[in-house]
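First the structure, then my questions, so here it is.
Chains: A, B, C and D, in written order; residue numbering restarts at 1 for each.
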Amino acid sequence: MVDLSVELSEKLLLKNPLMTASGTFGYGDEVTDFVDTNLYGGIVSKSLSLNPRVGNPPPRIVETPGGMINSIGLANIGLDRFLEEKEEYFHNFEGQLIVNIAGQEDDEFYTILKRLDRVNWVRGFEINVSCPNVKKGGIQFGTDPDFMFKLIAPMRDLTDKFLMIKLSPNVTDIAKMAVKVQEAKCDAVSMINTLYGAAIDIYTRKPKINTVIGGLSGPAVKPVALANIIKARKAIDIPIVGIGGITNGDDVIEFLLAGASAVQLGTVHFFDPLAVVKIHQFLQQYLESQNLNTIKELIGKALI
Amino acid sequence: MKKLCQSKILKNEQLADQYWKLVFDCPEIANEALPGQFIEVYFDHSLKIFPRPFSIAKVEHDALELIYKVIGSQTEIMASWKPGETVQILGPLGNFFVISDDTKTHILVGGGVGLAPMVFMSEVLKEKNFLFFCGGRNGREYFPEVHDPVRRIISTDDGSVGFHGNVVQCLEKEIAAIETPVVIYACGPEKMCEALKYFGEKHNIPVQISMETIMACGMGLCQGCALKTYDENGNDKISLVCKDGPIFKGEEINFG
Amino acid sequence: MVDLSVELSEKLLLKNPLMTASGTFGYGDEVTDFVDTNLYGGIVSKSLSLNPRVGNPPPRIVETPGGMINSIGLANIGLDRFLEEKEEYFHNFEGQLIVNIAGQEDDEFYTILKRLDRVNWVRGFEINVSCPNVKKGGIQFGTDPDFMFKLIAPMRDLTDKFLMIKLSPNVTDIAKMAVKVQEAKCDAVSMINTLYGAAIDIYTRKPKINTVIGGLSGPAVKPVALANIIKARKAIDIPIVGIGGITNGDDVIEFLLAGASAVQLGTVHFFDPLAVVKIHQFLQQYLESQNLNTIKELIGKALI
Amino acid sequence: MKKLCQSKILKNEQLADQYWKLVFDCPEIANEALPGQFIEVYFDHSLKIFPRPFSIAKVEHDALELIYKVIGSQTEIMASWKPGETVQILGPLGNFFVISDDTKTHILVGGGVGLAPMVFMSEVLKEKNFLFFCGGRNGREYFPEVHDPVRRIISTDDGSVGFHGNVVQCLEKEIAAIETPVVIYACGPEKMCEALKYFGEKHNIPVQISMETIMACGMGLCQGCALKTYDENGNDKISLVCKDGPIFKGEEINFG
């Protein structure tokens, strides 16, 4: 048996490098009818805010060539209901639960962090500084290195749990952002969140997304994610979690070679809900065919 | 329980102009499906990445039937599928029409591709008293067979077949003669559904409407299929068509 | 007959809004066997440098989901051969020839501009400040607003011909770049050039593109192009030429509604060489179905 | 002159394991095609956007034949095509093998999917003296028929059919007995082509090699299909496989 486990920090060992991307997997309980969610090394939950949010009005999604645009607007059940309703499920989950947090302002982030720091079934945090779909907060945190640093630097004092910052690709230089994350002593960066995208109905002339500009994801963005990971890998030493357009096992290996220590599956859940099962099989076969005992040996090993 | 199946195509045949019937061998879904529910159909190697939702139009033993209209690339691809090929489908998804024993007359209203779930309803209600109002633009549209032809009332916008006018106008004409209590079940173009909501309010008839929005996942993962609705107190709400629907009570829907 | 003509400035009237994107159409003479190139309102030629360039070593292209990455490296025949060899073809071309210029340093741009300003079959210029595939010059001009301004500001004095700057999407805020183009008194901006993209072969572990990171184009990037055009449209008054993933007539209308005054077809030439013919037909039918006499009425008319 | 055609499929049949033969009705291309040239095959609605290049394997009146190996998504899609369907193709593209009357023995060397253009060559050289060396990994590969069976010399890596070894080793064994002047025409895996270049140099035999690179357009628009080559003076050069090739002289190719 090959070893699929990876380490994102001393605090976070994953039995395999496959996580779910925030907002693309519900809270994990929608697919249990036909997928064993224990195949995931980790689940990253939908961005959580202090209070419940209904999210943006429709239309919220549109299909684009090889991808989609979304503007869900961080619809979520809020911290209290999350703690009440999800405990049982995540107690039984054999992988690691990473809670993705998105606040409107600094204090909202900190309050959630403090409360969840005490919750034993929460193993770590992914801080969403890069959602393009909320007007206040959201993207502005994620495009200016200093602004972001101010937001995230205090977080390290609030939790000893695994702390990861999710970066936006909508910047001139993602490496600069990644360096700030490392300076703030966070454990890892994840990238990429969605790209800016828009679509217009040529008959009604209305935007196909309520907020006009939404977030592009799916296979289409995979090359962009890889380019960003390659750039960030050169600039920082902390682990990178790769996200963006991953569809199959081949893609997962590509992200690891490019420098990601783990990956998140997002949009693929919508069009291939069995992806995790297929990827699992592929990773094992691939490692065997390459005479590798552990998947860790692939991380950052592209001949670049 | 939702099932994700690799299902064999038993039949794929053209019904009319752009309308096709696709039959899968899929006991897992067929044996659980209720009228109003839908399935997601998946496509390989496709530039458009979303699966496509289709109402279940009939189940017969292990066979699961869809009625679909070719209107874009994916339905075009579907029309090229041959019996014997295998396709991935997920279902049954969503809620279903609620049928109550108190109802004296079940009124099915279907327009265009909205006919599919109503065909299923007409099968389930076979032994009961139902009327099936089918609307179309003209006589070249597809109007499904029903066991008892008098139960099918056709209307066309151009009057080429049946009643001259839309399906709601036709219903307005007939309603006085229909035995109460009545329930209306509807699926079709948004304009039709909206008119039926107000028709129901006017005549004090409960209306169950199957709604459509763009779906990415069809099963509650993406929160994309949002629909503006009202809660019991009439407050604004957002519902997910794939999970909370596709069937909503007329009074729940905010047509905006 | 509907009127397809658009005006990019008083100096540049196009008989229709369809141009070719630089680097995706050779010099127009490859497809004449089966396409009437006079269907294009304008041809934008492959980026021209002072001296011939062989371009980058292979591999130069790779297919990605819904798109492709290229790193051709501005392979071109150089100014002298261009003037000698292409005169006849462009004399006979009924549309407008826009020469795309890419230099390694400021002076190279200016020298080419000065020489071509005197050439009567050259109707205007597109300045490529945004190619991600050349190390010197190239992208760095195109990501810093002030740096770019310094490069382009002197150009206005060198030519009265139509002068357009082609912007990169690989920036935090394309609107800021567009504003600088307007300040430099150029006639128009075109956007987008390619996004950063990368791909890795999981068996050889080598990058699938010689320069590791190349430029992503094709249908996949269409939503990104539209988002950028919408943002730039709000910030400037000069015309925008829309580029990125355009495949069919529907897309062209979408770009016009979003605020583009004309568009360029790029990657589509590779997978649908008859696109221009089909788009032509579609535009006419669409305008008729919408009871519009002229395509100009669509520009910027999205209900945003 | 290149033609862009909507061509009807006449035949699409499996030849061996993963090898298929696809025949188009396409007089426009068939009537102009020369051995070594290729066509581009286009796909609709596909997540992979490039068309795919395939060597012309034969022309017979208006029929244009390809031999293809199913190795990925697009060749999989091709294998699902049915006679009667219409496909867009572009061709004939690229240069061709140059056949000279001085040549006493024409040596065709093909391995794997590289067999296709050699089949065309064997047709064109039917009346001349040729030997067709076919290489494969094992006996389950496809080895094309030729009119005169003794002209076909098979070698397999595992020795299950014909010569035990690769096709170049086989040629090395046979070469002394072959009547000169000789020209080698080759198409196949890069390693084979490289070995043949050096084989030609060693034996002072001109070698014409068909090369493959990833192609976006197939006709000189994108400059993507770059190949490292040498000019007449041995200086480094970049050539475009789709326009300057796919056939290059052995000495032109820089195998790096």
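Criterion: a residue touches a chain if its C-beta (ideal position, glycine included) is under 8 Å from a C-beta of that chain, and two chains touch if they have at least 3 such contacts.
Keep in mind the model is a prediction, meaning the values are calculated, not measured.
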{"item": "Minimal step count in the chain contact network, subunit B to subunit C", "value": "2"}
{"item": "Rounded Å distance, subunit A centre to subunit C centre (Cα mean)", "value": "34"}
{"item": "Distance between the centres, which are taken as Cα means, of subunit D and subunit A, whole angstrom", "value": "46"}
{"item": "Gap in Å, rounded to a whole number, between the CA centres of subunit D and subunit B", "value": "53"}
{"item": "Chain centre separation in whole Å, for subunit D relative to subunit C (CA means)", "value": "36"}
{"item": "Subunit A: positions in contact with at least two other chains", "value": "65-67, 218-219"}
{"item": "Multi-chain contact sites of subunit D, meaning residues that touch two or more partners", "value": "47-49"}
{"item": "Graph class of chain-chain contacts, one of line, ring, star, complete, other", "value": "ring"}
{"item": "All touching chain pairs, where touch follows the definition stated at the start", "value": "A-B, A-C, B-D, C-D"}
{"item": "In the complex with subunit B, residue positions of subunit D that touch it", "value": "44-49, 73, 76-77, 82"}
{"item": "Interface residues, subunit A side, partner subunit C - complex", "value": "64-67, 69, 143, 170-173, 195-200, 202, 204-207, 212-213, 216, 218-224, 226-228, 230-231, 245, 247, 250, 253-254, 257-258, 286, 301-304"}
{"item": "Interface residues, subunit B side, partner subunit A - complex", "value": "1-4, 42, 47-51, 90, 213-214, 216-217, 219-228, 237-238"}
{"item": "Contacting residues of subunit C [partner subunit D, same complex]", "value": "23-26, 30-31, 33-34, 54-63, 65-68, 70, 72, 75, 218-219, 267, 269-274"}
